[in-house]
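What follows is chain A paired twice: with chain B in the first complex and chain C in the second.
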Partner chain A sequence: MSIEKRMLARELKLIAARPGDIFKPMWFLILVISMVPLALAPDSDLLAEIGSAMIWVATLLALLLNTEHLFQSDFSDGVLEQWLFLDRPLAWLVGLKLVAHWLFHVLPLILITPIAGLMLSVPTEVLIALLITLFVATPALTCFSGLGAALTLGSSRSGILGVLVMMPLFVPVVILAAGVLIRATDGSDTLPLLALLGAFSVVAATLVPIAVSAAIRLNIGGSN
Partner chain B sequence: MGWRWFHQWGSPRLFYERAGRWQLVCGWLALILLVAGSLWGLGFAPVDYQQGNSYRIIYLHVPVAFLAQAMYAAMAVCAVVLFVWKMKLADVAMQAIAVMGFAFTALALISGAVWGKPTWGTYWVWDARLTSMLILAFLYLGVIGLRAAIQDPDQAGKACGILVLVGVVNLPIIKYSVEWWNTLHQPASLKLTEKPAMPASMWVPLLVNILGYYIAAAYLVLGSMRAIVLERERRATWVKELVGRA
Partner chain C sequence: MIFEPIQIEISQLRCERDDRLLFKNLSIKLESGQILRVAGPNGAGKTTLLRTLAGLFDIQEGEIRFNQQPLKEYLERILYIGHKPQVTKDLTVLDNLKFLTDVDETALKSALSAVGLKGYHDSLVKELSQGQGRRCALARLWCVDAPIWILDEPYTALDVDMVKTLDARITEHVANGGICLFTTHQPPQQLGYQTLELGHVD
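Showing the complex of A and B:
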């Protein structure tokens, strides 16, 4: 079995050992969305208007909180150190880890957003646009929050620092996604903005793993 | 002479002494320029026909806003120097600039808010340039926070370097996306490529002040770099002697 397959199998085993980890971010998302009508008003027109934006922000937060400790257990049990000895570039392994994380932890989060949409009575065509933006944008978000997780690996008292450090970098993604949602509400063409969003994700997925691997190397070098 | 001048930068002691002399020069130069530019701008430049005297805050706001952005670029240059030449002084500079950059960004935001009240009737609007300034402040805070969280200074410096480089690649994307998102701000008052719309009697003192603030920033950064060098080298004999003498 190749290293790549074994890595994915290991991720699956880890999830099977602690299935609760998948549900916590979904639980968080639905809980935050339930707070919106309570804090605002049960008026469905009002909710529909801000619903898609609220769901986007809540998903962003859920994703960030979920990715914050992405490398922590691999770091403390020495798996990251073993990565350095494999005959694969570290950035490639980091990329695989990010892909696995997206598949097993972010995808479930995206798949639950229609329920959040129903809760806030978001119109169907906007809900579809929301799902598409999340599919296109979350790879970039996952990469950047992975970088935050890697940068704060070495510090035991970082708290949510990784989240705070990376959040400003999400600005273009959030703006472009909001643009898509506004256009979807108007019924105008969303494709150009989606293409830009996709481009951002592709560039992030290509370059950020290199920065992540530098951050990991740094933390492993520092602890010895 | 070869690379000798370059390697001398590796000596914290030499830097400490040299920077002290430069700081003196910068300090006096900045003082002269800022006193001249501010007196000229605040006292003698003509009154704006639309905004009255309230426009005079540009003599603070514009230089500070320039610096807020320039310092992030300076930090990125330091990060490159740190990674390419492993020069520890670049890390010291990065640490000093991060704090000063945040201070200038905060000052730009505050002076902008103070200017916004009489001009737009509100302290804050979600306009493109204000928003990207706010994001810039958060980026600076991230760099400061990351350094504070990691104990080993070498490791902290490299982590900050990675963050700064990722940030500097993103900064133009952030800026343009925010601009696309919303533009109702008046267009930039000073552009390098065009003749400014202001009369010379208004923009010449502004230019003097911009120069003054840049040199003042150099003074501040050098001072804080010297303090950081002393702190990091606190176990070295020369620092002990220096502190003992004082």
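Showing the complex of A and C:
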């Protein structure tokens, strides 16, 4: 079997072994969204107006929650250092890991956002725009938070540090996504902003694996 | 299988970690069929030397050459088993090996029988004892065709029988033209090896 297939097979088996890794962020998303109407005045117009932004931010946080330890257990088990001996460039393997992570951990989050949308009575056309922005933007977000996770591998209490380090990179993605949502609410053209978001994801997906592999090498080199 | 001849040449290697000099002017030549035990007290730089040889640490000063070529060209011919578990606790014994090796299932199963894990194929590593987990990591020695073995504390947590099995496997490997470098604090009885003593630098 090729390394690519072995990597995906391993990822699926890990999910089967630790289903909580998928479901916890989903619970988190639904929990946050179900709290919003309780905390706000029960005004459905207001909810519909801010609902999509709330869902977007909650999805971002849920994504950060399940990406912050992306490489941690493989690193402490010493399995990550074995990647260096596989006959593929480390950046390629990291790319595969990020793709698998997006497919199996981020995609389920996106797929439950329509439920969240219904809970906040978000209009259908905005909900569709929300889904599209999430599809287009989450590859970039996954890459950036993966980079944060890789940079902080060596430090024991890394949790929030990786997120903080990567914050400046999340900001433009969030701003562009918000722009798309506002335009969708107005009914104006969302395509230019979506194209920019897509460009972000493409650039991230090409460059971040290289940066992550450098960060992993650095951390393996610095650990005993 | 019989490996083609290999020569490892370490010359004038020097390493410092956290401002402490671990070794300097370290020069050794190793050839196919040789076993080298790296010895020395805790913190003497045994793991550092092995990890440098495996390409996990950058060379600070000096040179390491495999058949006159730089280390980078030889990474795929190295089998490195570090002192970390090297296995994922949440996966089964078989799945762990399937990810790290590219050999068919029959070869994997016979490797697992060789390390006494027959009947544990589908057990999760977290359900095994520490020694059994170590056996699972070491099973790769029975199914991967890498000529250069770099083993950090391979004897940890192993029982007497498994130590014997491992010694026999290392002997067989070097008889086939392989090279084995390892560290351990309990000198193996059944093995003919050279010793490199670290920890005498000031």
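The rule is simple: the second predicted complex is superposed on the first by the 222 of 224 C-alpha atoms of A that agree within 3 Å, B and C clash if a C-alpha of one lies under 4 Å from a C-alpha of the other, contacts with A are read in each partner's own complex, and residues count from 1 in each chain.
Please note the rule applied: a contact is a pair of C-beta atoms (placed from the backbone, for glycine too) under 8 Å apart; a residue touches a chain by one contact, two chains touch by 3 or more.
Only a predicted model underlies this, so the values are computations on that prediction, with no experimental measurement involved.
Of the two partner chains placed by superposition, only chain C is touched by A:M1; chain B is not.
With both structures placed on the common chain, the touch criterion links A:D77 to chain C but leaves chain B unconnected.
Annotation for chain A, partner touching more residues between chain B and chain C: B. In the superposition on chain A, A:R88 makes contact with neither chain B nor chain C. Contacts of A:K24 after superposition: neither chain B nor chain C is touched. With the contact threshold set out at the top, residues 221 of chain A are in contact with chain B in one structure and with chain C in the other. Taken together, the chain A residues at the contact with chain C in this complex read 1, 3, 6-7, 9-10, 13-14, 17-18, 73-74, 76-79, 81-82, 84-85, 87, 220-221, 224.
Every residue of chain A that touches chain B in the complex is listed here, in rising order: 147, 151-152, 154-155, 157-158, 161, 164-169, 171-172, 175-176, 178-179, 200, 207-208, 211, 214-215, 218-219, 221-222. Against chain A, the residues of chain B that register as touching in their complex are 135, 138-139, 141-143, 145-146, 149-152, 154-155, 158-159, 162-163, 165-167, 169-170, 173-174, 177-178, 180-181.
Chain C contributes residues 47-48, 54-58, 75-76, 78-80, 82-92, 95, 98-100, 102, 124 to its touches with chain A in the complex.
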